[in-house]
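In what comes next, chain A is part of two complexes: it sits with chain B in the first one and with chain C in the second one.
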Partner chain A sequence: MSGIFEYNGGSIVGMKGKNCIAMACDRRFGQQMSTITTNYQKVFKIQDNILLALSGLNTDIHTFYALMEKEINLYNLKENRKMKPTTFANLVASALYERRFGPFFVTPIVAGLENGKPILATYDSIGCKSDLDDFQVGGTGGNYIYGACEAFFKPDMSPEELEEVIGQSLVSGCDRDALSGWGGVVYVLTEQKLTVKILKTKQT
Partner chain B sequence: MQYLDNYLQSKGGYDYKNVKRNELMKAQGFKEMPFTKTGTTIVGVLFDGGVVMAADTRATAGSIVADKNCEKLHVLAPNVWAAGAGTAADLHHQCAHFNAKLKLQRLNLNRQSRVNEVITKLTSKLFPYRGNIGVALIIGGIDCNGPQLASVSPHGNYVYHPFQSMGSGSLAALGILEAKFQDGLTKQQAIDLAIEAIEAGIFHDMGSGSNVDVVAITKDGADYKRNVRQYNAKSYQRQIPYDFPINNTPALRKYQFDIEKQELTEVGQEMEIIE
Partner chain C sequence: MIDFDPSSFGLAHTYQKEDKDEINTLALPSAPQVIYKTLNGPTQVNGGNKLNNFKHGTTTLGFVFKEGILLAVDSRASMGSFLSSEQVRKVIEINEYLLGTMAGGAADCQYWLAYLANHCRTYELKNGSKLSVAAASKFLQGILIGYRNSGLSMGCMIAGTDTTGQHLYYIDNDGMRLKGDIFSVGSGSTYAYGVLDNHYRYEMSLNEAVELGIRAIYHATHRDTASGGVVRVYHIHQNGWTKVHDGIDVVDLHYQFAQQKGLVGDGDEAKQRLF
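Our next item is the complex of A and B:
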């Protein structure tokens, strides 16, 4: 048996651009070497200006997303205002650390726009927030996507260029990972709109 | 038992709901995910009138560098800093927790935080967890009793010594410190010694790398220099950069959600609005 992390497979990547952020994920949901579906959602819109991408054990992806959705809804009701992306990033870290000794098997990436400024943070499974880099990866294909990102990434890209770069990095990385792939979805968030593009990839 | 959930939530602290499930999975043979650890070299050096602490900036997850430039020097109080090695999440959250706890105490008592008080609070928290909170810290600061430097191990043991090093690169750094440390160093000498010790850790230990951060704490405050030395800068520029043409990646479908109008449309389909 391989690791808990490799049971379902999947990869995610997030990038910062000039006043925009992008997230991409593959679409595979598998059980070790079998593929169950090829349209599993791994990037979630938490708020108009916050995206949450999750990779790892799919049941925990679902549970953790539901937990975060609950937190932000309660926050909106109690405080009667939207949550800032940096606040949400800290909330994710605390929610993960709360389960330090029985963790969720997820590695989230949070991306958002705060007053036009891009925010990007990634975490290990127990809430170590890392928000200094311009791109973050997660999932079984993460290490391969790292390589593609280091090569293709440029700072301060426009939303259209960022969409291309993140799409190519995801696809290149997932091609080298047996447990990720079967399609890709790219989300690009700017102040005005969120674009969702379903990529055409090799069907493997 | 919803009232229990609410009570526990407002009480804070650790949540053990998933422990049994995770134990079962481990028993079935699954391996756990690697936590981000700070492979690390951290040092502390006492000098005449204060204390200097330095750290490298690499965070690892297994054998991958998870963060090339993380911050390992944490503020616990304006006059007490901590350098941390071990599990990165534990370090970050415990230091944030103690920062808040000490601030509240300062507001209540209207007194400066003391180094020995920080050590006591830390060890009292760590010991009951039997080393499961993976923080190995070097605590340095200056208070009414003068400059002090101590190291705290994850099990709750603490040691006061004029120079300390911890982390996977501690042996490399200790070599430099044992050879070159003297009593009565000046501030600049102590800073140079600390940087040299971290350099030894960065070059000889695989778990440490990237840059050096330094903080010098004296009566006048803490002088924090982030990335005072950088060994890992990219030394080349790609001659012909990758320039992807726009709209080159083939797409099956493309949607657009306009935030102001809160409207979802499918791009490429004439005026088809999808709810």
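Our next item is the complex of A and C:
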């Protein structure tokens, strides 16, 4: 359990559906083997149609989120318009590369809806963007969630189906990871609304 | 007349240094090294500098009370942060009157406790009487001292009954053997001790003791990532041992205990929604 990415633990997952996107994260905030709280927020609403999920070192999750909040607020003030999800996805990549030689220890996932079309992008900690996949994972439980995703995912799911699938994938994945879990939250974003659901999971 | 002596620096300027104030310094012996011994890790000299010791990723506990001895254990096995099993049996049934708990290397515990079982049976056949708990634990200690520094990892409790009553011993791979009334071993032991020390009384009834054991293990599984799965409870009394609970899911316990307090148990008890 050494390594700066394993210090706090935590897992995130993002999925595309039919004109909708979903994000899910666990709720654990720990320090190595000890659990401190079970209500830590890892998915943030940047804009009505953009969600940012972060996993990795919790202090950097908080700082990077605050940095992105600042960027989008300044953009809104300067350009007097909302930011497009694809633009934000690019912004995250350059913000990460700006710290190429002293990086933020986070692996972000950006999800959004641009004119009804779902956008999903993931990055490594220094800003390499990958936006071609239908689902992406991050965090210490990522690999276990991949397995569940591959089994349950199918393209163009409805928001209700997507919520079910992403919730199950997160929970099964986190159940095999000692450093993730202790609750789960699922966010489903459609053109009309954002639904937030708290999952009843193992608290161990 | 004030003698401005550097050794009186910091004293009020009206202080007159007098002869009787001379202090003879003694030559003190050099401080001995502090040997830091915990139940959860290897012997560390001068406190060591390990952040965390993951060797014994588990929670096991045992305590003596008026009805005998209660043992409670979790059932999680982890390889680093990967959970390899949630259904491990950490109480090893050595024979009908001796139990051993497992912490550390599963293979080491299983093998050497089986070896101990063999030894106990041989002794019984040769001598016509059962081996005492003290002797059985001492035998195991002897083996582990022989394998010291060779990398064995064991933090087990030997609990049993013999003609002198019920006894609880803690044995580990460093060759430590301690007789005691309350022990908790493993990475979750600190959490279990908190609960155990709070409510332990020698005069507890069996039901109270079982409740306490379950609760202590549950709290450890909630906070410690290397503990979880199910709680298994054993009771040792003058006629041997009884398996009280074979596996209570700690997830069910969490929501049960939360409900008893009138809460939901989902992490938002302070009603501070962060989103």
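Convention: the second predicted complex is superposed on the first by the 203 of 204 C-alpha atoms of A that agree within 3 Å, B and C clash if a C-alpha of one lies under 4 Å from a C-alpha of the other, contacts with A are read in each partner's own complex, and residues count from 1 in each chain.
The criterion applied here is as follows: a contact is a pair of C-beta atoms (placed from the backbone, for glycine too) under 8 Å apart; a residue touches a chain by one contact, two chains touch by 3 or more.
Source: prediction; values computed, not measured.
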First, second, both or neither for A:16, with chain B first and chain C second: neither
Touched partner set for A:56, first chain B, second chain C, both or neither: first
Touched partner set for A:38, first chain B, second chain C, both or neither: second
Chain C versus chain B, contacts on chain A by residue: B
Touching partner for A:130 - first (chain B), second (chain C), both, neither: first
Which of chain B and chain C A:196 touches, first, second, both or neither: both
Which superposed partner A:177 touches (first chain B, second chain C, both, neither): second
Touching both chain C and chain B, counted on chain A across the two superposed complexes: 1, 183, 196, 198, 200
Chain C-facing residues of chain A, complex: 1, 6, 9, 27, 30, 32-35, 37-41, 43-45, 140, 175-179, 182-183, 185, 196, 198, 200, 202-204
In the complex with chain A, residue positions of chain C that touch it: 51-52, 54, 57, 76, 78, 80-83, 187, 221-229, 250-251, 254-255, 265-268, 270, 272, 274-275
Chain B-facing residues of chain A, complex: 1-5, 7, 48-49, 56, 93-94, 96-105, 107, 123-130, 132-133, 143, 146, 151-152, 154, 160-161, 163-165, 167-168, 171, 183, 186, 191-200
Chain A-facing residues of chain B, complex: 13-22, 25, 28-36, 59, 61, 64, 66-70, 87-93, 132-133, 241-242, 244-260, 267
